[in-house]
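Multiple structures follow.
Heads up, the next two complexes both have chain A, just with different partners, chain B and then chain C.
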Partner chain A sequence: MNLKACYRPLTLKEALDYLEEYKDKSKIIAGGTDLIIKLRKGNINPQVLIDISFINELKGVLEVGEYMEIGCGTTFYDLASCILLNERLKGLKDAARSVGSPQIRNRGTIGGNICNASPAADSVVPLLALDSILTLESKKGKRKIYLKDFFKDKGKTDIRDDEILTTIKFKTPTKNQGLGFYKLGLRKSLAISRISFSVFLEIDDINRIEIIRVASGSVGKFPMREYKIENYLTGRILDEDTLNTALEILEKDIYERLNGRNTARFKSIAAKGVFKKALLKALCLAKGGGKIED
Partner chain B sequence: MYRRIKKVLGGDILKKRGKGIGVTFYGTGYGNGFPDVSRAYARLLEDGKVEILVGATEVGQGAKTVMVQIASETLNIPIEDVILVNEDTSKAPDAGTAAASRQTYNSGNAVKIACENLKDNILQEAKKILNVNSKIGLVCEKGSVYVKTYPSKKVSFKEIANINNNLKGEGVFIAHTTQMDENGQGAPYWPYTFAACAVEVEVDTETGEVTILRAKLVLDVGKAVNPTLVEGQIDGGFAMGVGYALMEDVGLKDGKMLNSSFEKYIIPTSLDIPNIEKVLIEYPEDTAPYGAKGIGEPVLLPVAPAILNAIYDAIGVRFYEIPVTCEKILLQLNKG
Partner chain C sequence: MKIELNVNGKDYSIEIEEHLRLIDLLRDKLNLTGTKEGCGEGECGACTVIMDGRIVNSCLVMAFQAHKSKIITIEGVEDEDIKNAFIEEGAVQCGFCTPGMILAAKSLLDKNENPSEQDIREAISGNLCRCTGYNKIVSAIKKAAEIKRGGRNV
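Up next is the complex of A and B:
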């Protein structure tokens, strides 16, 4: 290990100063639940760690007009127990609650989950379905980017080496809207997702889909939006035939995406079931938080 | 309309339930001709307590508790008066491995025999001290020996130890273990422990997920030396069986383990395990210490067959390979 120093700034400004100074020789550490493992395995070899976990201005959830703004240093535990996030956002809380173990949820942060760009990042999937906007800050200034455009490849993002992801924001769901999430893991807790889906839905009284945004985890190089199924479903009345056609589109799309991998067939079939469960949850929330009998 | 969509999206029709049972019997000890001997020593200490030396390793199964209980029962002394030395190889004699579900039965027998021999020596000494002509009619109770028809005629273990500081007993137990013939016939073990497990599962036909809803495990223990420990063994054995049936896979490829860490080698969590209804059948085994047979492995064995039978009952697919993962289930359900 090449590590020479670990800085613990108390303000964002201070953190950006360190980052400007060390750039690619440094790594930002927040919860450290992924970073420490990479350090130990020798997958990364920074000279300097910049520990942002003591910067209070990066933590917590704020309501700003019609938006919810989440600080990058907010832990999964904080997110899962946040009273500002209403019932319609249950999908986001479910995802935060499904991350790792209680220890991981107490340490791991939403910003880390995004910047680590793992295909199996649980919290990223509902944030994609919410069409979240990220704020990236550096000494040079701020810029905003949609989460859906942030990932470039497995483990690769659009962030520059002098930037910190500071906030994630999305519109607070309102009447007729709901966010669902479902994760298929190999066991009922402490599970890495095999497949996850999140659905944001706005549906009217005659079951016409006004808005639908679908995001997936672990069925591509990074968590991503499923535009084909979104495009098909938008504006249609949700009935059995529509759903079946949508599922066919999804299965075909994912099978083609994973073609050549030995999990392609399994994942393309299972994705349909996982998507349906996420959709059902979103639907129940959109229809007024009705209980899901399952 | 809303109800209909909900039904289309995933009502209970897509989750199939099934029940299954598994029944097994299992020989205690090494068996099949492999020598199986346990040794123990018992010694009366100066303060009237009794030291038990036995190389029965505690691996969480409860050997330390069970050996003390057996000694306490045999000598009729409080458990506080039993000093167990079980993992110091410079002192304790070889009692074989904590394996093959054999410690309670085999080493328990050795401890019982050692204590019986010590007790005999203590009574011999007490006979002299109490000035009676025979051990017959002497009672050993709570660290004292007295004459049954004349209870005030009494001497404590401590007083006995002060008069004779060399009272010991040795116990050797040689288990039944004979090799089977070339056709695999014979009598390799004695005794056998019987176990039965029943489970109800729910299989999600859209994702392949298996949930165990209910479980019951019935175990013929001979005698439960410590019922709470046996129940703990059932909880642990059941969870191990769930992992074996549904999750655990070393992923051997070209002689190498692909799943060589707990990141990929998946074992169950508490959320994967239902409440287990437990039934202990106590039908004492004549050759066992107070009737107690080995139960460590028997609690695990019927679990995977019960789960696989329940999956078959639920979805009509018979699996011949474990673990039965969600992937295998889903591919079978979507075959052709």
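Up next is the complex of A and C:
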């Protein structure tokens, strides 16, 4: 490690000043649960750390009109136990609860999960299904970007070295809508997702799919939307035939994406089951009740 | 750089190097060697301490981030119920995971004196034990909870 200075700003403004000064010589640290491992392995070698975990304005969940706004410094524990997030958002809480271990959830933040752009970032998948919008701030000003456009490659995002991700917002689900999440891991705790899916669903009284957004984790270079299956399902009545055709489309799409990797066959088949679980959870919530056991 | 923190009820103002982690500060500067380092990556939980009321992996917190925080390590656990229950149930074998297990158990029992088995297993899900197979640890935490609820005096 080649650290020369560490700063603990108390306000966003102060943090942006440090970032403007040190730019690519610095790294932002919040929970540190990913960053400290990278630092020690020598994968990154900043001279300066800017710790944003003391900045209260970046923490917590806020209801703003029809949107929910989550501060980047909100921990997974805070998210999983937030009373503002209603039952229809169960998929987001389930994802937050499935991250790491209690120790990791007490420190790790939603902003870190997004900015690290791990293919297996659990909390990112439901946020993609919610079609979240990120706010990035620098000394020069603010800009907004859809989460679905934020990832560029494995570990690579659209953030500039003078910017901080400050908030993540999405529309609060209402009547006939629900968000489901399901994850397949190797061990219950600390399991890095092998495959995860989240589904946002709006369905009418005759089971016609008004809106569906599907997001996946660990079946691509970064968490991503599954547009092919979305396009097929939108407007259709959800029944067994429709679902079976959708599952075939998903399997083929993922197999082609992962072609050449030895996990392609396993993942494309397993993804169907994981997607189906997430869909059924979303369906139950959209219908306003019922529980599906894991 | 200088940081201030409270460890096990004692205030410290201490000069640290930038690259130091919380576990290094506890073990090497304050000689609190009860906190163990296992994997160094947050997988095993041997380095668990309580920071501002919540368990964290002290290998994944930079020392400078612990400024103004309140830390409890195994040396600061005054709760005899948990320790006695671990001894009685045979929940300690090689002992390396024990400090982390006890702090995870304390963190649970501080909030919930009547945890279900599932609550207990969830609470220690970030702590690996390679000796006991976990059952004895789970029984020990159950017993500690019973004692706390006044079920029995040790």
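Before moving on, here are some points about what is shown:
Here, the second predicted complex is superposed on the first by the 292 of 294 C-alpha atoms of A that agree within 3 Å, B and C clash if a C-alpha of one lies under 4 Å from a C-alpha of the other, contacts with A are read in each partner's own complex, and residues count from 1 in each chain.
In the analysis below, contacts are C-beta pairs under 8 Å (C-beta built on N, C-alpha and C of every residue); 3 or more make two chains touch, one makes a residue touch a chain.
Bear in mind the structure is a predicted one, so any value in this text is a computation, not a measurement.
Legend: residue contacts after superposition of the two complexes on their common chain; A:Leu3 is shown touching chain C, with no touch to chain B. Touch criterion met: A:Gln103 reaches chain C, while chain B stays clear of it. Contacts of A:Tyr77 after superposition: chain C is touched, whereas chain B is not reached.
Once the two complexes are overlaid on the shared chain, A:Lys287 sits against chain B while remaining clear of chain C. In the superposed pair of complexes, A:Glu240 makes contact with chain B only, with no contact to chain C. When the shared chain is aligned, no partner comes close enough to touch A:Ile249: not chain B, not chain C.
Contacts of A:Arg40 after superposition: chain C is touched, whereas chain B is not reached. On chain A, the surface patch touched by chain B in one complex and by chain C in the other comprises residues 188-190. Across the interface of their complex, chain B is touched by residues 184, 186-192, 194, 207, 238-240, 243, 263, 265-266, 269-270, 272-274, 276-277, 279-280, 283-284, 287, 293-294 of chain A. Contact residues of chain C toward chain A in the complex are 1, 18-19, 21, 40-43, 45, 48, 51, 54-57, 59-62, 64-65, 67, 104, 107, 122-123, 125-127. Listing the residues of chain A that touch chain C in their complex gives 1, 3-6, 8, 29, 31-33, 36-37, 39-40, 49, 51, 53-54, 77, 100-104, 106-107, 188-190.
Listed in rising order, the residues of chain B touching chain A in the complex are 1-2, 4-6, 8-12, 14-15, 204, 206-209, 211, 247, 263, 266, 268-272, 325-327, 330-331, 334.
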